Amino acid sequence: SGGPSDDESSDGSDGSDGSDGSDGSDGSDGSDGSDGSDGSDGGSGPAANIGMVYATGGLGDGSFNDQAQQGAIEAEEDLGISFREAQPDEVAQFSTFQQQFANSSDPDYDLVCCIGFLQADSLADTASSYPDQDFMIVDSVVDADNVASYTFREHEGSYLAGLMASLLTTRSFSAGAGSTQGDSTNLGFVGGVESDLIQKFQAGFEAGVSAGNDDVDVSVNYTGSFNDPAAGREAATSMYNSGADIVYHAAGNTGTGVFQAAQEQGKFAIGVDRDQSVTRPDYADVILGSMVKRVDTAVYNAIEATVDEEFPGGSNVALGLGNDGVALVYGDQLGSEIPDEVTEEVATARENIIAGDIDVPSEL
Amino acid sequence: MATAVHLDGITKRFPGVVANDDVDLEVERGTVHALLGENGAGKTTLMNVLYGLYEPTSGTVRLDGEPQAFDSPRDAIDAGVGMIHQHFMLVDPMTVTENITLGSEPRKWGGLAVDREAAREAVADLADRYGFDVDPDARIEDVSVGEQQRVEILKALYRGAETLILDEPTAVLTPQEVDELFEVLAELTAQGKTIIFITHKLGEAMRAADEISVLRDGRKVGTVAADATSQEELAELMVGREVLMDVDRGAAETGDVVASVSDVVVEDDRGVRAVDGVSFDVRGGEVFGIAGVDGNGQTELVEAVTGLQSVDAGEVRFLGEDVTTVSRRDRIDAGMAYVPEDRQERGLVMEFDLVENGLLGSQHDPDFAANGRVDWPTTRQHAEAIIDEYDVRPPDADADAESLSGGNQQKFIVGREFERDPELVVASHPTRGVDIGSIEFIHERLLELRRQGVAVLLVSSKLEEVQGLSDRLAVIYEGEFIDVVDPDETTEEELGLLMAGERPGERANGDPDPSSPPDGSGAADDGAAADAVDPAGDRA
Amino acid sequence: MSVADRARNVLSRLATASGTERILISTAALVLSVLIGAVLVLVAGRMTTCTAGEAVYYFGTGFCYDPIAVFDRLFLGALGDPFSGGWSPNGQFAVTLRETTLLIFTGLSVALAFRAGIFNIGTQGQLVVGALATALGVLWASSLVSGVVGTIVLIPFGLLVGAVFGGLYGAIPGLLKAYADANEVITTIMLNFIATGVALYLVSGVFKDPESAANQTVPLPEFAQFPAVLFGARQDFSLVALAFGLLALGALYYLLEHTAFGYDVRTSGVQPEAAEYGGVDAERTVVASLTLSGALGGIAGAMYVMMVLGTFQTGIPSYGFDGITVSILAGNNPLGVGIAALLFGVLKSGTTVVQFATDVPPQLVGVLRGLIILFVAMPEFFRLLARGLPGIGRGPESAATDGGVPVDGGETDE
Amino acid sequence: MERYSTRALVAAVTVVGIVALLLAGLAFPDSIAGTLADALTSRFTLASALRLSVPIAFAALGGIFAEKSGVINIGLEGLLIISAFSAIYVADITGGVWVGYAGGVVASTLLAALFAVVTIGFRADQIIAGLAVWLIALGLAPFASQVFYGSPNSPTVATTGSISVPVLADIPFFGALFSASPSVYMLFVAVAGSWYVFERTAFGRWIRASGENPKALDTAGVSVTRVRYAAVLISGVLAGMGGAALSLDLGQFTGNGPTMVNGKGFIAIVAYLFGNYNPVGTFFSTMLFAGLDALQTVLQTQGIGVPRQLIRITPFVVVILVLALVGRTRLPEAAGEHYETEE
């Protein structure tokens, strides 16, 4: 009962070639010229044209953006939409790309997906300048009739990760390439750059850890970068060396270093955003589980709603454990070895959170 | 005798300049050949051709009758030609030994390592053989100019040079060092080496050379035997007119004290006292000369007066004001002109053209830059006036300073400083590297300033210059004034002994060892090196 | 001198052979890098798989990426498609000018320091400090005034705050260099990291906008930002800012070439000993140049805050480093900085157009940028090319054939 | 002289400070001093510092060769990037870690050769060309990764692993020196080798002369051009070793943003300037920097009450402070200048 870890099998990171904005035949003039928004029937054009504006990390971050792309790819396969991507590398480019999509008439984009909270400010402007264009944003809320906002309750999933970790670290457990010492009272959290968002992961994790065992401490390290695996490795190594058995990361590519350190030290790690035991199979023997954040679901749902002409403009969906927006998925290789007492306790906590019996803090 | 060097119809053109024009030159093996000529006459260029640095536009080089086609100095070295340039080609942070053996290091371990012992010994042996005083382990930046020159000569000899070219070798030496050099040259020719040296000093050419060739405007105007000519003849060949050899400075009409230095102490970077309690006054209308072997504190003293070095003790006064801690800029503004010793480091901005160089030191002068805004047209006129008046060649204000020959650079600096309308002129080696026509001119100008009541502080290692121009002459040795004399009442020999550190009183009872001339090299350095080099010891 | 005479003078100086040559060389460099870039695009296009319908055909071979489309988008796209008829000042052209404006300031900042002989790598840090100070300062002041008056007061005030704090931050390496002999390359690189770190600390803590998830300050009110003139507001570009930039170009040129201070700076830059001789106070000039350089960097930061983002947010783009390239490309000449900044503005803004319009990975434009710089840096290559390649062999060939350790060195070698 | 005495003084003060800290740490193990003392004496800190040093120190050694010969190679960052990617790519297609390592070195050397041709052969401005090398690599490596792997990040390949010297590895603290990745040992060899080249071989002298007074070298009959080519190529080899070590140690290339190299090439420049162009000094200055970075990580993890964002910048602050005390570094006289044999 470890949450829905169903369709993680397709690795999105090699899917970026699926991006083809211009419809196959350039010569077919205006076949889908003005009816862009109501073309859900087969016809010659795609069911919908979707614009994707990713967060500044860009594709290939192994987590957030790739996960969003995954949603678009699935929508392409299931719903026959077509999408085009833009990878801004600085904040000022968000509005450029948002406007380019909004302005475009060939094709006319039915929905522009804005990934990441940094896009919120520029989207607020863009959305009011283009009232006829539909947008969706992930990780932030923009109050406008033509914007659907999707936020995640990362702290809830992180709580489960913390709970699992603290239950495992206080017992002697060994599986795959790692093991824990029964007498250890120490866990680790590695973050990328300090921000409210990453602190949500940390807060939930720490709450879960205390819930599992009040005596367990969490060492925290922020490397200051989402792209520095070497720093991630040093941070995690230092944690393992000071007695931590399990390190949870919310640090993008920096997390690779955390997995590596776990392998070197014969300890465990917990992945983030996607099921990293699948996307990083080389480290599957140390990844106990991953706190997945279903950005793909958010993107997919928004696209589906657009295709169905039920675009939830102005809505604000908070995706948590309850609606499968976040989940703790157990490692592909190690999941089956985690003792039932632990998984059961985690499952109970999940129910309690959904039921509102446990209130997980989202701030430190 | 065999002709060792044979230059045949050498022409060398640079864009816009014919530096050498169909020059023929023959030098016999085992002789010394002097090359004379005004600044920019093409002497250095001709020798650079012989050394393979320049490929001639036309003409051939033959050594021992064999035609040579040098692509690089490497070829010339292989053919037995060595050159000691006007500006030394030494690597400052490396040691004497490293410099001498550079590019031809003895190796050991199958070439994997430099055999440092062998190198050191080879250098020591070589130095011994020619009686050179060098410390093989001293770093170049720590030794005197004289010693650097000896290192250059050793470098050539180490490479098996049969023909040695020296470009103005005596410009930087004391009289005693010059004597030593000439002894070395005699020793070298006795051993069958051939020497060509460039000089501006006619007396030296006549003394040391067997034959003398004179260049003018890139053409050779004649070759004469040294014992069959006179200074007057040489001077006329060089300049194309008669030259006045002696200056008559006339009586001094001294005015008020313009600058006064009392008990000044200057320490160098290493905390050694380069100037050790010097006091003197310079009055308006007077030339106060300082003679001494290079490196005895002249540089530091002059820089203390001009505001380029801070004074560690004592006082400098200028026009009645205490200026000990006053900035260089304020001293310039107050009327202090300074012809620096090192024209390429200090006196000129080499990348700037002459217009911009003419402004150096006046950039805050309201005449050129009112309200901080530079008046370029006026500045340009000023530069053109200097060029015109001081005969700077080529007469092009847009030429970059680095494109001028050394002598012309010097003339421009002298012009700029003398035209500053100064109260005090500090002139450090004002005629170094300048041809005799220009020397005459600069000397005249200097005396004219004196007649106008300007105070002049003159430093030179050329005895005849300080002696001829000064009203009073101080001799500096190891940072102290050893004596202040009346130049007209003192012989050159007496001055030489003073410069060697012989105190006036000592001569009576002392027994000066004539075989141990003052050690220009060791003492010439500011202190630290003097300890490193044992002057008398090595010489014995 | 009459105005006409002056104009003639200026013209004749511009028309010197070397000036023309520089333009020719830059053009050739651009063309060559575009050619090589095209080859790269084609090669990459061969390595990628795409459907036959998407491929373009050259020389009878199909390629997934079309170099002509790439360069068309890169250059014409950045200029807002001037030949397509639908040109409007609201389009990409405004973005290009926005980038140009910021690069002018960072370029000038670097150029001034370089002319003084100081290798200021720290413009980025100075920009960050200036930006943060401007955001906080203007926020504070915007509670005192508002409306049009607010704009008129706050913009100069913001620029001033940026300049002052950027200048102070630039003065640190200046003082360290002048009085502690500390190498400015090291100190400025370190100070960049420090500026970023401290800014992150401040805006993720005390000065954080509680409303936003981002590490940023509270946004500035609309009236405290640069007004859009002629150009649309959406591209975050203001003609006023560009005018400031052009003014700064002229002012710095005048400062360097026509003032005593500029003369001091240039002299210290090329030959410090001679400068000292000429009465230039070396220490003061170092500190003054770096302060001024930092102030220009700080103004760039102020512009970024007041024109582009409307707030200070961590993760400021690397305008400071781009400034180094701009300045060097311009030969550290203030007037050249204008042209180099425009070229870079086009490249930066064109990158987004290329990304939007083609499938070519966006990193490619980065490669192109490097190639252009590389070729512009080697005028000698083009001179040789122009002369018909005779002497080309000397240097490079020996590299290709015997790049190793020279073995024929000493006489005692064998 | 003055410089050396200041250096000695700073060194002495540092030693005294560290001893005092250790004593304080012993006396009050729970204080910040205790935490610091713990971290300082931990072999893990040393091991971490060594790992962090590898790419920086290799690149810095390369930088010394180039700059001593008179060619300022500001493109070290680019060499690291290109090598980091190529090493992974070659290791991936051949399956051999060390083949990949060699591939990284070759790629970096080729890029260095381009740099050499451009700066020495065509007399391009060294700084611009160096920046160009950086930008080209910064674009090319992720671009290639995108083309080959469909993502700027490569998949994971095998790593270089680590080698433990029996017995020696068990020594307290210094044992970390003997239980490390092969690149660490190679670094030791490279540092010693570079020192040897500069101090003992003729070639090393030529490099020095070529950077100090190329004309002197030229007139001594050694081709400045060839010496400079050789030196720049060596810088390519060394930086290549650093880049390959960086990526193969992790088994992955990360190409987003500033890539996984993330400014290490620029820190390398700082390191060799700080080490005064001496390979050994440079190694120690890299270790100082990496040590502070390692320490910073430990302190953050232990939570000593200072905001993390500020702890993270301590290495940079310390470098500035030390530099302010120790003072100047002297660039080779002719660094950055073209040299041309006349005619």
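Letters A, B, C and D mark the chains as written, and numbering starts fresh at 1 in each.
Here is the rule we go by: contacts are C-beta pairs under 8 Å (C-beta built on N, C-alpha and C of every residue); 3 or more make two chains touch, one makes a residue touch a chain.
Just so we're on the same page, UniProt names per chain: B = Heme ABC transporter ATP-binding protein; C, D = Ribose ABC transporter permease.
Quick caveat: nothing in here was measured; it's all calculated off a predicted structure.
Engineer: To get from chain B to chain D along touching chains, fewest steps?
Structural biologist: The least step count works out to 1.
Engineer: Among the chains, which one keeps its Cα centre farthest from the Cα centre of chain D?
Structural biologist: B
Engineer: Calculate how many whole Å lie between the centre of chain A and the centre of chain C, each centre taken as the average of the chain's C-alpha atoms.
Structural biologist: Computed value for the inter-centroid distance: 35 Å.
Engineer: Give, as an integer number of Å, the spacing between the C-alpha centres of chain B and chain A.
Structural biologist: 76
Engineer: Starting from the mean Cα coordinates of chain B and chain C, work out the distance between those two points in Å.
Structural biologist: Computed value for the inter-centroid distance: 47 Å.
Engineer: Roughly how many whole angstrom separate the Cα centroids of chain C and chain D?
Structural biologist: Roughly 27 Å separates the two chain centres.
Engineer: On chain B, where are the residues touching two or more other chains?
Structural biologist: Within chain B, the residues that touch at least two other chains are 103-105, 107, 111, 159.
Engineer: What positions in chain A touch 2 or more of the other chains?
Structural biologist: Within chain A, residues 17, 56, 89, 194, 224 contact more than one other chain.
Engineer: By residue number and range, which residues of chain C touch two or more other chains?
Structural biologist: Residues 48, 197, 200, 204, 409-410 of chain C each touch two or more of the other chains.
Engineer: For this entry, which pairs of chains touch?
Structural biologist: Here the touching chain pairs work out to A-C, A-D, B-C, B-D, C-D.
Engineer: Which residues, counting only chain C, touch chain D once they are in their complex?
Structural biologist: Per the touch definition, chain C meets chain D at residues 44, 47-48, 121, 176, 180-183, 185-187, 189-191, 193-194, 197-198, 200-201, 204-205, 324-325, 328-329, 361, 363-371, 373-374, 376-381, 384, 394-396, 398-400, 402-406, 409-410.
Engineer: Can you tell me which positions in chain B touch chain C when the two form their complex?
Structural biologist: 103-107, 111, 159, 308, 327-329, 331-333, 338, 340, 342, 345-352, 356, 359-361, 363-364, 369, 372-374, 376-377
Engineer: Using the touch rule from the top, collect the residues of chain A that touch chain C in their complex.
Structural biologist: Listed in rising order, the residues are 17, 19-22, 24-25, 56, 84, 86-93, 95-97, 99-100, 117-118, 120-121, 125-126, 129, 139-140, 193-197, 224.
Engineer: Touching residues of chain B toward chain D in the complex: what are they?
Structural biologist: 48, 51, 53-55, 72-74, 77-78, 83, 85, 89-94, 98-99, 102-105, 107, 111-114, 116, 155, 159, 269-271
Engineer: Under the touch definition given earlier, write down the residues of chain D that touch chain B in their complex.
Structural biologist: 1-2, 200-202, 205-206, 208-209, 212-213, 215-223, 333, 341-343
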